[in-house]
Amino acid sequence: MIPRYSREQMTSIWSPESKFKIWFDIEAHAASAQVKQGVVPQEAADVIWAKGKDAQFNVERIDEIEREVKHDVIAFLTHLAEIVGPEARFVHQGMTSSDVLDTCFNVQLVKATDLLLEDMDKLLAAIKKRAFEHKTTITIGRSHGIHAEPTTFGIKLAQAYAEFDRCKQRLINAREEIATCAISGAIGTFANIDPSVEEYVAEQMGLASEPVSTQVIPRDRHAMYFATLGVVASSIERLAVEVRHLQRTEVLEAEEFFSKGQKGSSAMPHKRNPILTENLTGLARIVRSAVTPAMENVALWHERDISHSSVERMIGPDATVTLDFALIRLTNVVENLVVYPENMKANMDKLGGLHNSQRVLLALTQAGLSREDSYSAVQRNAMKVWRGEGEFAAFLKADEEVSSALTDAQIDDMFDDAYHLKHVDTIFTRVFGEA
Amino acid sequence: MIPRYSREQMTSIWSPESKFKIWFDIEAHAASAQVKQGVVPQEAADVIWAKGKDAQFNVERIDEIEREVKHDVIAFLTHLAEIVGPEARFVHQGMTSSDVLDTCFNVQLVKATDLLLEDMDKLLAAIKKRAFEHKTTITIGRSHGIHAEPTTFGIKLAQAYAEFDRCKQRLINAREEIATCAISGAIGTFANIDPSVEEYVAEQMGLASEPVSTQVIPRDRHAMYFATLGVVASSIERLAVEVRHLQRTEVLEAEEFFSKGQKGSSAMPHKRNPILTENLTGLARIVRSAVTPAMENVALWHERDISHSSVERMIGPDATVTLDFALIRLTNVVENLVVYPENMKANMDKLGGLHNSQRVLLALTQAGLSREDSYSAVQRNAMKVWRGEGEFAAFLKADEEVSSALTDAQIDDMFDDAYHLKHVDTIFTRVFGEA
Amino acid sequence: MIPRYSREQMTSIWSPESKFKIWFDIEAHAASAQVKQGVVPQEAADVIWAKGKDAQFNVERIDEIEREVKHDVIAFLTHLAEIVGPEARFVHQGMTSSDVLDTCFNVQLVKATDLLLEDMDKLLAAIKKRAFEHKTTITIGRSHGIHAEPTTFGIKLAQAYAEFDRCKQRLINAREEIATCAISGAIGTFANIDPSVEEYVAEQMGLASEPVSTQVIPRDRHAMYFATLGVVASSIERLAVEVRHLQRTEVLEAEEFFSKGQKGSSAMPHKRNPILTENLTGLARIVRSAVTPAMENVALWHERDISHSSVERMIGPDATVTLDFALIRLTNVVENLVVYPENMKANMDKLGGLHNSQRVLLALTQAGLSREDSYSAVQRNAMKVWRGEGEFAAFLKADEEVSSALTDAQIDDMFDDAYHLKHVDTIFTRVFGEA
Amino acid sequence: MIPRYSREQMTSIWSPESKFKIWFDIEAHAASAQVKQGVVPQEAADVIWAKGKDAQFNVERIDEIEREVKHDVIAFLTHLAEIVGPEARFVHQGMTSSDVLDTCFNVQLVKATDLLLEDMDKLLAAIKKRAFEHKTTITIGRSHGIHAEPTTFGIKLAQAYAEFDRCKQRLINAREEIATCAISGAIGTFANIDPSVEEYVAEQMGLASEPVSTQVIPRDRHAMYFATLGVVASSIERLAVEVRHLQRTEVLEAEEFFSKGQKGSSAMPHKRNPILTENLTGLARIVRSAVTPAMENVALWHERDISHSSVERMIGPDATVTLDFALIRLTNVVENLVVYPENMKANMDKLGGLHNSQRVLLALTQAGLSREDSYSAVQRNAMKVWRGEGEFAAFLKADEEVSSALTDAQIDDMFDDAYHLKHVDTIFTRVFGEA
């Protein structure tokens, strides 16, 4: 996470100020809940809320205390006592640091995910808009980078939409994975704190109670969470790579918007480069790099060890901030993408109709030739076209085996691109629910 | 995937024979569906089914053909034509290899997942049984590897149960991710095959239709699938590491079953080592190693490239076979685990009651001391115990600040281990729905 | 590792037969060395060698014994005793299984690396040959996939040569990392075996003595080894991706050899796809997937645990077999690559001389314009060319600011492609030591 | 990289100020070198150096320009022109941004590595000191976490020393990998800049010339670099895990220094936790997480794409800063580690002499029993000890088969721990060159 690839909306979730505010909320709600248990006097709870609710926690002061006690939560509690006064001794009753830290981390992840879901909706909207705009913009489909058969630019985008729509659902699942709260005390036995406190705090913080926390919210949840971010990042990479391909000089079917005043190269003033999508390719690698450490975090020793903590202090902000930035950047790329339908058409026509080879193959088998003979007949004529010797239709008509099975008119009929588009509506309806 | 870490139930899903059988089913169902379209004569479909249904596909013959045509599906189709005869020309009408390959891969993954889910149920049953057996077997909870407060061996297992129960749900989600079928033809436009064919084949094979496949089922699905296996593997590692810790010579609270005739070390006949759980630790690393390549597979070029194929030919079998083996091995470890409650008790008592330090701390704050003073008082007495200078309770009673707040009887009261177990039923009910 | 992507030369290194042969050699050499120590009688050593040297170890029999004793080395020793007779009791004196297993694993890795180095020499030779063949074959250099300035196809290959030459040196370093031998007994203290035995066995097996092995050869060595394979794989991917790009329909500057009888697509007979290099892209992902588990293997517990073993049983063969296959496949791709110089020239000329924009920029600054003004002048004329409005040189001549600094003749002079090739010899001399 | 886990010495290498200073040096040296070529007037070079050498580059101003031109190097050059004046037009002659960026990145990595090497020397010194201090401090060696045979705490540390000494050499190799300079212009053809400029700048910056850069220094170098950091991190993890094990309550053979005023747990005042080494375990995961993205960066498109850039802006600082911090933290842990030799002895004696089982086994084989019979005899007596039924030596003496081969005196002789330490000097001499 570096400012260059960050948005304030996401980084603010991870600021020390946000963290200490959440810590206070957790502690204060726990105190409220313990009034009923007789552990905390009502007046103490009132004082805690009254003095702490709008307090500005002094990050430097907390850091200073931590340097002595070498424990961040104790440092915070000590500072809180400076603000709240003697009633502070009722704070953190029966709790352990992990109750605060783990619940806070999950609150931050939930907030981060909510923002990612907002981003995703924007991206989906942008893709949908461009997909309908180019629903019937014909373009050559490519397998292995080689011309195959026609498709439309809208179908390309419909695929992206369907993929990010799955990603959205995955994010929703991932949010549920980590939306839990633990206020279960040392080793998670509730020995010194009633389970009802956890339930109360969970409800107040918009979380579910962790069924069994052993002083730590189990990290399989977070492994699943960061793995999901890694999948989303990989989908971003896919669309980014598509744009990079389309912008290649020889292809130039689409192009990132190039703003006035922008410079493509310090040396070569003629350049317009797909730098945003190249950048997204790199950002995807960064988000994915959180997956393995998150999985290595799962096997904590016994009831808990703290090896996960340093990892999460980094990948928590890094992965969410970078993914947020990437989703917004991709949305901008899609919204502003310059599309060149005429180049798409021109590229498609470069192979002189070879993209209809399958239709000819199928017609030959329907006309009675074996699959193998049909294949050979089509392939030998196609290879002549590859070698630049002439036109595909002409070769087919001149081929004895082909022409004994198909008339010239039948052959001509097969070179109609509209044939390939007849199910665009079907696909759009499947993806968007409308066409 | 090596025989040493494989079970036949899983490897058979990935055998060439199984694969060709699935290929046939897909092709034959597609032929049936195309009768209605008038693309395939009813009699041809009948012949295909009649001759192919129980055919033994000759793997060597197919390999031989592939060496010439360098294309596996074409090799299969050629061999199928040798079996079916002239009607074979109606096979694969309007389809592309990917329709067969991708749908088959997903069928195999679905079968593999069903087996993994069976495994998971066995593991859950084994854990549950041992959890109830040791519901109140008291043992010290450890954070950072250091004695903290008492818990029970049953709670340790309840945690594992809850974690694997989540893993089960994740596997169910992962199964849904990859349970899709694509019969959409070249570039996925349905130009030469009606969408109803896909729907029919999907239904016959127990799959959903892929909303938009561009000659390839999008690999974000598989990335999510293998990421999920990686999370499950990490949870296996966690429980394996727990057992390894418990079996350490100095701890010896539990031990893998050591069979008669088994040898622990070629050099040292006295050894009994936790080799199964060490092995599981390694297997977890292997399953996890599939995650990154699966994510790198997502960003295929344009409508499809084939870079994912070699990866999946390996990680498909490797990750599922290894995970299946690991789940069954872990189940055996849990079922046969030798538990030593008396060692648990003895270990717990080694620190002379220090594990009650929090109770004393809380009592002091309740008695009116500040949190900071209470902490100091408890800590200074605890450190004497660490230094081996005597008993915790005695030091507390002798401490002026403590004894001014708490009576000797109150202090004695705090050294009752049952105190820590009062919410075991709550936790069990949360996890198992019963206690 | 699957047969599809394996060569027998490499898989045979990892066969059970090879392994048991190496185990015997280690044991027998150790016995020989212990004659001097008086631990093993000369006659016993003679019998061990005489009966074991050419013995065919029965893999099934060893497996059968292992199923009982659950220990592979003990199973082997038991079988060896069946072959050698009573003198077998002098085998494995003072040794531990790890002495055999770890030394054997390193012997196998050394053999594997020697084969990889042979492969690398073949690849380097193939690249060098094609590089000289195309030393001055002009082609457009591309940054960001966008035309930049001319280079030669030979320089592209020189880069690949330099990269694989570095990879060769890395493999040599990696070989040294793992070419060590441990015969240090339980916990590695040499308590029951003299250090001279290790030195003798090391020398006989072509290895160095491990300075301090704690019953395990430290796995940082293997982490470095597999990390190195991961880097080599990544370099393979780079060249593979280059070929895939060059073969794209719109680019078609080079093409994988397409053999007679080969079929590119089951549906579309016209297709010729870069399937070998796509395959190499996938294989690179597989080789890389060994890196993280190898690193996770480093932190073994205390003097050793066996969690690394299952990992290495898989990644040892998998990574070396796959990399060997990939290097040979890439060599074939390079040797047989069909190069189209005329397409390279045609592509280069598509942007109407824009690739000389830097020369114009530099000339303007030399003529006294500021860098910023020069840049603007060149960029504004270049953008007209991008928009398809005409020729670059013509626009420059018509531009008032440009023409006030440069004469038409000077401008014309800048559109000479030979200008870009003047240092090809320098680069070739740097890379190949000759030009 | 977060302040919590950073040292100023390393972060300052990555500050914008340091970066711009290096950029200036590269540009200015290149200008100097081009005086000879007649490209830059001597006076211009003089002015550039005079005005730029001690200039404070205004980071905010540069950022402001970049927001417009969307190109960082151009933004810097524009700002430089504001400082240098009209002579600035001679800056960057014939160069491309990558010349500056890639060379700068390598300069930063070299500086970072030099600091890491300093750290490593400190760590090695600390380990060596403690190793000699505890050269003969006897402790039980453990395989699989189970008592095996005695070793010394010094040998444990000697192993760590040997491992980090290898890591030092790897860092030296890694430094060489990335200590290269490219000043080769667009596409790396030297079309507009003489190769001698690169040689001059390389020499001034303490680098080697990159033999063939295609506008980008090839990223296999950086992949190898970050892979090496990953291996070093894994070795840190190994020693950290060792300390964590030794500090476990039941083992307590060594302990991280616990400072006065430190608090182990907010809830349990008695706790002293190995938080530094747990933290190091996590930091190792973070450093390792840079390895895969660095490898994914290798396969850039054609002559270059910029997908590596965002990755390196993050992993460059992150991995080096975190590794630097981890090395220093580990050094502190080693220097201040509290070692408890008496606990080591007490733990070793817990198994009543079982750790001598191999000696008895070997003696029995030497006395004429077969290896298998000897093993059975020792194992059956050892298992009684595990079951807590009595003393190992006594059982052996009472065993008919054993006592028929060995006298009681011979058996007693085998329970001498000094036996295991006889080669400590050998090992120390191998590792440290002295004993």
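Note that the chains take the letters A, B, C and D in the order they are written out, and that residue 1 is the start of every chain.
Rule of thumb we're sticking to: a contact is a pair of C-beta atoms (placed from the backbone, for glycine too) under 8 Å apart; a residue touches a chain by one contact, two chains touch by 3 or more.
Just so it is clear, the model here is predicted, and its values are computed rather than measured.
Engineer: Across the interfaces A-B and A-C, which one involves more C-beta pairs in contact?
Structural biologist: A-B
Engineer: What whole-number Å value describes the gap between the mean CA coordinates of subunit A and subunit C?
Structural biologist: About 32 Å, centre to centre.
Engineer: So what's the Cα centroid distance for subunit A and subunit B, whole Å?
Structural biologist: Taking the mean C-alpha position of each chain, the two centres sit 24 Å apart.
Engineer: Residues of subunit D touching 2+ other chains?
Structural biologist: Within subunit D, the residues that touch at least two other chains are 77, 92, 94, 142-145, 148-149, 185-186, 192, 244-245, 263-265, 267-268, 273, 275, 278, 281, 288, 292, 296, 301, 305-306, 358, 375.
Engineer: If each chain is a dot and touching chains are joined, what shape do you get: line, ring, star, complete or other?
Structural biologist: Its topology is that of a complete graph.
Engineer: Give the list of subunit A residues in touch with subunit D in this complex.
Structural biologist: By the definition above, subunit A touches subunit D via 1-2, 4-5, 68-71, 73-74, 77, 92, 94-97, 185-186, 192, 244, 259, 261-268, 273, 275, 278-279, 281-283, 285-286, 288-290, 292-293, 296-297, 301, 305-311, 313-315, 318.
Engineer: Using the touch definition up top, name the residues of subunit A that touch subunit B in the complex.
Structural biologist: These residues of subunit A touch subunit B: 39, 77-78, 81, 86, 88-94, 141-145, 148-151, 155-156, 158-159, 162-163, 166-167, 170, 173, 177, 185-192, 195, 209, 211-212, 214-215, 218, 220-221, 223-224, 227-228, 230-231, 233-235, 237-238, 240-242, 245, 281, 284, 288, 291-292, 295-296, 298-306, 358-359, 362, 365-366, 369-372, 374, 419-424, 426-427, 430-431.
Engineer: For subunit D, which residues count as touching subunit B in their complex?
Structural biologist: It comes out as residues 140, 142-149, 244-245, 247-251, 263-265, 267-275, 278, 292, 296, 347, 350-351, 354-355, 357-358, 361, 375, 378-379, 382-383, 385-386, 392.
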